[in-house]
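What follows is chain A paired twice: with chain B in the first complex and chain C in the second.
Moving on to the complex of A and B:
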């Protein structure tokens, strides 16, 4: 039987709200990146480096990364609990997704702080 | 002088779990008066009377009030008794409501559907002291129940909702949620907070993905998606 223990917050309203808020954060971050891209004639390492050296950009990026994690987890969890009915396989898939998401997060943080 | 007749073609889902290994579609031709229209239910009953009395369908009121004869007609859920033959493309393909276990032919087991309905406590709850006569309601408050109380629990909506197909044991479904909102919106009910609190888990309400199949098929023209949206915003207001 599908249960709520693996859902992000265990509360449907909170999950629903978080998914919407994180969508906005991701949207704003995307707009920000597009602005950087279109307002600069050439994107080179120096520009990229100075951009991400800014603490606010760093924080914004971390926020976007966390939003990505939350947003993806809630969404994928919903799809998995809709379609995968065998508990063992469902847990396995959920574990793989969670592991992948956490890896991306840590990886991105490492990159961010090495810049 | 005999009346002019025409032939209408049907393909009807048949399944008797005691006899048939697998469900199959059976063809029927029915002679109907050429210059009169008739409802699909009457045609099915004519087939049952004249060609095969083992064909099973539930029906009662034959006027869109009891909610017994919800079936899938040419791919769309509806009530056979208020669907005119003239509105349908031939062959008219009739199947049981999707997503519910078939008992026989067009008759489905509605247990899960009613279990979800039961969960929302479909009755007025009020812990204030009883008035001498009756609980009054202003016309304005009564108006809030329009578009909600008319539901006849035919299950056309819930059985067309993918979220209900995948989690019929945990997602209340459009019919149940429309009624949940009907009691939340009722000025005479004092259990609004508890009612909303009971629905905050990730499944009961939040499995609704706003596909709106429910709105599309409701034979009474009701809008469960809107009721679900109202429930969600009330929860948001209560809990934040």
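Moving on to the complex of A and C:
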């Protein structure tokens, strides 16, 4: 049960549920991007820029980014706890992954609000 | 107690069931996608910054080597998405049996292969 300290929500069932909720958000976001592509196969900069300048697209993107953080953390945590048996190394890898994901989130927010 | 141990390690006689292959590839594609995140964010930043950046990224991603890497990356995404849909269907009680699970694994793989092939056509 010691592993639960590092799991995303500290509760297996809640992690399971969050993995589903975040999967739906990411799935819908992917379908949304696919629709954009199929409606505008020869997408240019003006359209691409105006797409992400739209506040609703921005909000959907932020929602997808938060889901990506949760989804990736739970997924990679599961993989690491399966294969990395040495506690110190496991904690180190988990910390690196979590810090990387947080950095990506902040980076993505900066990208969206400095375009 | 010193009975000879049975030696039956004929590796070629062992094979993973379709459900196991589907599962490990879902995991592998997820790990690949995690490592792709910084590259995707970099591409997003460059493409949104300026029209020149958008053009440069387009030129970069349409070189033969990058087309192949792009196809591989999108394949991981498509596979992870389709295999994930199978999990969501199982949440609703579909394909939870041994046989139906095998069938859904084969269907999942077929759908993924078809979409990945279509992606290849779209990219080249």
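Keep in mind that, in the parts below, the second predicted complex is superposed on the first by the 112 of 115 C-alpha atoms of A that agree within 3 Å, B and C clash if a C-alpha of one lies under 4 Å from a C-alpha of the other, contacts with A are read in each partner's own complex, and residues count from 1 in each chain.
As a working rule, a contact is a pair of C-beta atoms (placed from the backbone, for glycine too) under 8 Å apart; a residue touches a chain by one contact, two chains touch by 3 or more.
Everything numeric here is computed off the predicted structure, so don't read it as measured data.
Chemist: Check the residue A:111 against both partner chains and state whether it touches chain B (first), chain C (second), both, or neither.
Modeler: After superposing on A, A:111 lies in contact with chain C but is clear of chain B.
Chemist: Looking at the overlay, does A:30 come into contact with chain B only (first), chain C only (second), both, or neither?
Modeler: It touches chain C, and chain B stays clear.
Chemist: Answer with first, second, both or neither: which of chain B and chain C does A:84 touch in the superposed model?
Modeler: In the superposition, A:84 touches no partner, neither chain B nor chain C.
Chemist: Go through the superposed model and pick first if A:57 touches only chain B, second if only chain C, both, or neither.
Modeler: Touch status of A:57: no partner.
Chemist: Using the superposition on chain A described above, determine whether A:13 touches chain B (first), chain C (second), both, or neither.
Modeler: Only chain B is touched by A:13; chain C is not.
Chemist: On the A-aligned overlay, A:98 touches which partner chain: chain B = first, chain C = second, or both, or neither?
Modeler: Neither: A:98 stays clear of chain B and chain C.
Chemist: Count the residues of chain A touched by chain B and by chain C, then name the partner with the higher count.
Modeler: The partner making contact with more of chain A's residues is C.
Chemist: On chain A, which stretch or stretches are contacted by chain B in one complex as well as by chain C in the other?
Modeler: none
Chemist: Mind pulling up the chain A residues that touch chain C in the complex?
Modeler: These residues of chain A touch chain C: 20, 23-24, 27, 30, 44-46, 48-49, 52, 68, 72, 75-76, 79, 97, 100-101, 104, 107-108, 111-112, 115.
Chemist: Spell out the part of chain B that touches chain A in their complex, as residue ranges.
Modeler: 163, 166-167, 169-170, 199-207, 232, 235-236, 239-240
Chemist: Which bits of chain A are touching chain B when the two form their complex?
Modeler: So the residues of chain A in touch with chain B come to 1-2, 4, 7, 10-13, 15-17, 78, 81-83.
Chemist: Where on chain C does chain A make contact in their complex?
Modeler: Residues of chain C touching chain A: 27, 30-31, 33-34, 37-38, 41, 44-45, 47-51, 54-55, 77, 81, 84-85, 87-88, 91.
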